[in-house]
Amino acid sequence: MSAFQLPLASFGGAIEFIFTPQSSNVTGGEKVGGFDQVVELTLKQLEVTLLALALALVVALPLGLYLGHKGKGELLLVGLANAGRAIPELALIALVAAVIGVGLLNLTPALAVLGIPPILTNAFVGVRQVDQATIDAARGMGMSELEIIRKVELPLALPTLMGGVRLAMIAIVATATIAPLAGVESLGDFILNESVYGSDGVLAGAILIALLALALEGALALLQRRLTSDGLKLKTS
Amino acid sequence: MSERPQASPVRYEEATKRYGKAAEPAVDRLTLEVPAGEICVLVGPSGCGKTTAMKMVNRTVEISSGDVLIGGASVRDRSPAQLRREIGYVIQQVGLFPHRTVSENIGTVPQLLGWEKERTSARAEELLALIGLDPELGDRYPAQLSGGQQQRVGVARALAADPLVMLMDEPFGAIDPINRERLQNEFLRLQAEIRKTVLFVTHDIDEAIKMGDRIAVMREGGRLEQYATPAELLMAPATEFVEDFVGADRALKRLALIRVRDIDLWEAPLAFVGQATAEVRAKLAAPDVEVPYPLLVDGERRPLGWLSERDLTAEIVPREPDSPLGPVLELEDVMRDALADLLQGQSQYAAVVDGEGRIAGVLSVEIISELLGSPGAKSEERPATERPHG
Amino acid sequence: MGDVALLAAAGEVGGDFFKERDSDSLPCQAQPDHLFCFDWAQENIDRYGTPTLQHFEIVALSLLFGFAVAFALALLAHRNRWLRPPLLAGTGVLYTIPSVAFFFLLLPITGRGRDTAIIVLAAYTLQIIYRNTMVGLANVPDAAKTAARGMGMSERQVLWRIELPLAVPEIVAGLRIASLSTMAIATFAVFIAREGLGTQIYGQGNLTFPTSIIIAAAIVIAMALAIDAILLSVQRLLTPWRRARPA
């Protein structure tokens, strides 16, 4: 076969894998692949991803907004964002699996740790960028500190903040791909077990994971557009 | 200066600029000639095309029709980049390169022209001295300079390669009034030495009158309303637009252009202490006397006061005159200030003294109004560099 | 124990790994609750030499290619505005796709091995370097560009003498971020090539043990910080005017 035909054939096989259960060498007669299994694993990956993202938000968002409002900890947070990027995800998952334990309950916090730095830093930076004059005016009108954070700083910091959320999401969903190493099922199953799912399965897994990540990113992008006030949109265009 | 300064005349020949499908051209058949070594100020309201017209000279704006000639050669003869390296360009925001030192900034065009390093740095030093900055500043970065210093470096940078023509686009517009005046004066002093052909754009008529040897007043649609010397402009505005633009106080503006010594002063009969009053009275009675009061002066001809009728009833001229001296003006005084002093002193006449304090003549409000009314005032026109400034 | 069975069934971890768990007479490294075995570390530190070198090579090559491509794209987009939205979107897509999946998407085309890893890692850096370069160029003061053109610099001279030097801080910032991420993600290379420090974390289909993982992670982080510090020094060297204090 020519150089092009071979890859095309593989992709064809992968597409088949996604929709129709195939027979496998390893599981002794039981079929693998097919739409149902695909959906099941996709949902599993989605589950751990969203849980971790939610946990990261719960921890990082209030803290980031608060620190940004107060203006404290700038040096630390900037360093934190970079440090977060340097964490080798594979090592993190492996350590969690080996030391803390396997399973959703153990893995989710580990994934959340990956998502905290971008959210924390971007929340901080987003709030710091809000014009001081606007905040002074709000204070002068009698808003409490909490109201200022909620009604003034948060909406104005939203674009930057959402940028951080998207970064967190990308990191989390990418690492959730190897969640099987820590006992949590995900689409990564297809990739990590060629002997079970075959090369078609591996490729199918890769395609599905890529699509899942792109879909999530697209969804967040839409959410960002929805949540950003029109006045802000005018300013940045 | 290390080399003989060079300057070329600039001529606009029906130069026109049209943008797309706009109904009116931005510059409409502009025709004027700027003699070499003179400052021509383009002035007018926003949108009149003055900046566009200036930019035609270095082809920052391309000419739609007509031509602009520098020293007789069309600006279109060469590539824009080559042309611009021989024209100094100063803009309002200066645009110094933040990542280069002051010396490196100044040496930009010499470097583009391929000068050797020593020649470039020597030239940078020379120019720093010329614009009045400490040579030490050469190694600093623009961020370390004040706004006024940056502006001056901008001018030095434009002069570095000894250009034929200088283009200045509202160069002092972003500066506070006090420093602006200082920079204007410094530039005029500089120009007295280097005598470049300068095209200067401003929206401020006072700046135009102060800086320009010739002024081109333009209006919306890129039309030239009048091209004349400041005195001509103030005395004989060509159209109603020019008259409005120059302002209702154009008479006073003219007074800012001349000094007391530029006009013929009246003479008062002089009286010395101890002189016989009969002699003084005789002088007073002379038919061609201009000032009807005698001025008491000392042995050095320095004025002491004015003599009244009562003083003259004595035998000899007294030491202490009846009337005080009042305002005393100097030959070097700007006429506008002299008028202010006269009016404030509430006196009709003021003694004018020279550098040593000796009487040189008498100035009166009448003389000034005669001056303002006479076309003969044209002959006292001086180039911008010699006009009164700080 | 239920999780363990699951793992065993899925073939993640070898079955005998668990048999040995129960015995106490085993060496430190075989006991999973021992976090760090210093003795073992001292004895076996040599085995990290080659993987570290491989890891560094992969990262260096990825950064080199990524920078070269991203920089070239940014220069193109700088002159041709219409390229900007598609390039931003395109590099964004490459960033969003998880590296592990990306490895296997390329598998049919480039096969296993280091090259596939480098292609994917380089693609991952494109967005940050491209975007930072564009931002750096956009932040160049207009007055400086106007003055430069008015003084007789050609467009190319303006780009290389004025715009790019002033964009260096942003560009290097992007490079620093890219180097940190690439250093960390290069551990995933183990899935597509038997190279890099990932091999000390996940060797031959099994997770290794905590000490080994910790050492590998520590080396990765140390290298990341070192590269970051070097790039920061390079930036400081290239931008003396930023250090100048206003008079």
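A few remarks follow.
Order as written gives the chain letters A, B and C; numbering starts at 1 within each chain.
Keep in mind that, in the parts below, contacts are C-beta pairs under 8 Å (C-beta built on N, C-alpha and C of every residue); 3 or more make two chains touch, one makes a residue touch a chain.
Computed from a predicted model, the values in this text were never measured in an experiment.
Here the chain at the heart of the shown protein, by mean C-alpha position, is C. Farthest chain from chain B (centres taken as the mean of C-alpha atoms): A. Averaging Cα coordinates per chain places chain A and chain C 18 Å apart.
Distance from the chain A centre to the chain B centre is 68 Å, each centre being the mean of its Cα atoms. The centroid of the Cα atoms in chain B and the matching centroid in chain C are 64 Å apart. Those residues of chain C in touch with two or more other chains do not exist in this structure. On the chain A side of its complex with chain C, the touching residues are 6-7, 10-11, 82, 85-92, 94-95, 97-99, 101-103, 170, 173-174, 177-178, 180-181, 183, 188-189, 191-193, 195-196, 199, 202-203, 205-207, 209-210, 213-214, 217. In the complex of the two chains, the chain C residues touching chain A come out as 3-4, 6-7, 10-12, 32-33, 35, 92-93, 95-105, 107-109, 176-177, 180-181, 183-185, 187-188, 190-191, 197-198, 201-202, 207-210, 213-214, 216-217, 220-221, 224-225, 228.
Those residues of chain B that touch chain C in the shared complex are 58, 60, 80-87, 89, 91, 93-100, 108-109, 112, 140-141, 143-146, 154, 157-158, 167.
By the touch criterion stated above, chain C contacts chain B in their complex at residues 141-154, 157, 162, 165-166, 239-241, 244-247.
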